[in-house]
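Take a look at the structures listed below.
Note that chain A is present in both complexes that follow, paired respectively with chain B and with chain C.
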Partner chain A sequence: MSLTPAAREYLLALADDEHMIGARHTNWIGLGPFLEEDLAFCSIAQDELGHAIGLYELLLDDAGTDRTQLDAFALQRAPGDYRSCWLAEIKCLDWSDSLVRHWLYDRAEDLRWKALESCTDPVVAALSLRAQREESFHLAHAEQFLSRLASTDQSARIVASIERLMPIAFGLFDSVATEPDMLAEGFITQSSADIEALWIDAILDDLKRWDLDVDIVAGPGQFNEQRRTVRSDGFDALQADLLKVISLDPIAVW
Partner chain B sequence: MSALSSVPVESLVRLVTDAVASVHDPEYPDVSIADLGLVESITVSESGDVAAIGLIPTFSGCPALDMIATDVEAAVLALTEVQQCTVEWLPGPVWTNERLTDRARTTLADEFTVVLRRKDGGLRCPICGSDAVVDQSLAGPTRCRSVAWCDSCRNPVEVMR
Partner chain C sequence: MNRYEVFLKKLGRDEFRHAGSLDAADPEMAVMYARETHNRRAEGSEMWLVDRRHVLVADPESMAVNDQKPHRHNDGSRVAARRKENRNSEA
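The block that comes next holds the complex of A and B.
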């Protein structure tokens, strides 16, 4: 095992975020507002799930666990053993909310992967480069969509979604308990607070370019603030959904 | 007894390389994964009977990865000289469309109307040759393709991104 427990906890948080946001994005398959968007959102979901798989495999390899256990590890942990943030977990029934979440999430995700670019673990550093290339497409998608909508009569709806989700989005930067050890070990050089500051700048730049007037505020109590150990209200239903197919035949090999 | 240990390792590497190259991408039945630039490393053990193949994906989210790995393993194990084969998707380097060979580019354009963006950012229609090709959607039918439109011959064109 070459990763420290601190590093494992840190990477698990990113992996679980990628897994949950990918799973939530797939809720729109077949329901996207138009065909091209259906494909685009599905593509983004596939990339996020791909990022989760890369990190989960790294964690399994490091623990000496066979990769055939990937599904069990990804899907069947106790809720308290996940480290995802609430923004990634929650169900967005409104297309505007999903689109805004995608933008808020991918702005942060891009910065989080970038912070791992010079990670001391070579696999993490390599995954970072691939993820960043893909994030450039995700961010281009968010920009093209939101910049257009912001100048239409739908801008109020976008603003309402931003105001609804922004307080929860700050939970992206609720760091795992082991983050100070990670910084001390030199595994990462930027804290979650450092990344949060960069994220706020990027979000404000976007809003200014789109000419949208929104207050950027963190919402106390709107994310778990407990080092990512507590799940959001809908998590049990989400996990049950994700387990539906696997439960049909628990010993089948997919 | 090691199988055909008299065959030099270099010859085996060549055999394994050809076997890997015989695997076509599920999305492009006439294009070898080697020509797409997916093959990063091929090693054969000193004893000559264990092959290890390292591949890289175009995009993390490509759903064809398992299928490609299974096809590669089967193609390599079909060689009587090889007893064991491992196929791994490597974390790096990052795939870019610069890894495509000229043969892949030609087949993609001729058979699949898929083109690559020129260095100046422009696109040429593989059907009529016009430069009047405009981007339409960043997401196409697969993770590695976006969709454009030729204003001249009025056909959809796909772009390997």
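The block that comes next holds the complex of A and C.
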């Protein structure tokens, strides 16, 4: 095992975020507002799940666990053992909420992967480069879609979604408890607080460019005490959903 | 929404080929969507998009006339038959 417990905890938080946001995005398969968008959004979901798989495999390899255990590790942990943030977990029934969440999440995700670009672990650094290439498409998609909606009569809906999701989005930057060790070891180059500051700048910049007037009420640190260990309402139902197929035949080999 | 025709070219000497079409609000979004609708498995290494409104369309009636000109179809079979005939007569 070459990863420190701190590094494992940190990567697990990113992996679980990618897993949950990917799973939630896939809820739109076949339901996107039009065919081209349906395909693009589901591609983004698939990319996020791909990032999660890359990180889960890394964690399994490091622990000396066979990769056949990936499904069990990804899907069958106790809720308290997940480290995902609430923004990635919650159910967004409204397309406008899902689109805004995608933008808020990917703005942060891009910065989080960048912080791992020169990671002391070469596998993590390689994953970071791959993820960043994919993120450039995710961000272009969010920018193009939202910038156009912002200038239509749907802008009020977008603003309402931003105001609803923004307080939850700050939970993205609830660092895992071990983060200070990671910085000291040089595993990451930026703290969650650094990333959060860059993220707020990027978000405010987007809003200004789109000419959207939004009150950003919640400040940093609102969820800090939870340190990603408490699951959001609806997590149990989400996990049950994800386990539906596995539960049909728990010993089947895929 | 506007319709765009997508053309893909594989790496190497192949020509651009029509891959299909898509609908998008404007050219920038069309290029963004085409990446996933027609190149999600890297089917091409280069891509063209053409606004359907910019495609020049020929009149099918004017084209159909040429279907009545069998003398323009030369598959070489008459020449081959003649050469065979010549060979046989020499033998």
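By definition in this document, the second predicted complex is superposed on the first by the 247 of 254 C-alpha atoms of A that agree within 3 Å, B and C clash if a C-alpha of one lies under 4 Å from a C-alpha of the other, contacts with A are read in each partner's own complex, and residues count from 1 in each chain.
In this text, contacts are C-beta pairs under 8 Å (C-beta built on N, C-alpha and C of every residue); 3 or more make two chains touch, one makes a residue touch a chain.
Quick caveat, the model's predicted, so the values are computed rather than measured.
Enquirer: Could you classify chain B and chain C on chain A, in the superposed arrangement, as clash or fit?
Expert: Clash - chain B and chain C, as placed by superposing on chain A, overlap.
Enquirer: Between chain B and chain C, whom does A:Ala237 touch in the aligned arrangement: first, second, both, or neither?
Expert: neither
Enquirer: Quick one: classify A:Arg148 as touching chain B (first), chain C (second), both or neither.
Expert: In the superposition, A:Arg148 contacts chain C only.
Enquirer: State whether A:Leu129 touches chain B only (first), chain C only (second), both chains, or neither.
Expert: first
Enquirer: Pick one for A:Ala63: touches chain B only (first), chain C only (second), both, or neither.
Expert: In the superposition, A:Ala63 contacts neither chain B nor chain C.
Enquirer: With the two complexes superposed on chain A, say which partner A:Leu49 touches: chain B (first), chain C (second), both, or neither.
Expert: After superposing on A, A:Leu49 lies in contact with chain B but is clear of chain C.
Enquirer: For A:Leu39, select first, second, both or neither according to whether it touches chain B, chain C, the two together, or no partner.
Expert: Touch status of A:Leu39: both partners.
Enquirer: On chain A, which partner touches more residues: chain B or chain C?
Expert: Ranking chain B and chain C by residues of chain A touched puts B first.
Enquirer: Does chain B (first) or chain C (second) touch A:Ala72, or do both, or does neither?
Expert: In the superposed model, A:Ala72 contacts neither chain B nor chain C.
Enquirer: Give me the intersection of chain A's contacts with chain B and its contacts with chain C, in residue numbers.
Expert: Common to the two interfaces on chain A: residues 36, 39-40, 43, 137, 140-141, 144.
Enquirer: Using the touch definition up top, name the residues of chain A that touch chain B in the complex.
Expert: Touching chain B: residues 36, 39-51, 53-54, 58, 122-123, 125-127, 129-131, 133-134, 137, 140-141, 144 of chain A.
Enquirer: Hey, which residues of chain B end up touching chain A in the complex?
Expert: So the residues of chain B touching chain A come out as 57, 59-63, 90-96, 136-141, 143, 147, 161.
Enquirer: Across the complex, what residues on chain A touch chain C?
Expert: 34-37, 39-40, 43, 137, 140-141, 144-145, 148
Enquirer: Write out the stretch or stretches of chain C touching chain A in their complex.
Expert: 1, 22-26, 28-29, 32-33, 35-37, 40
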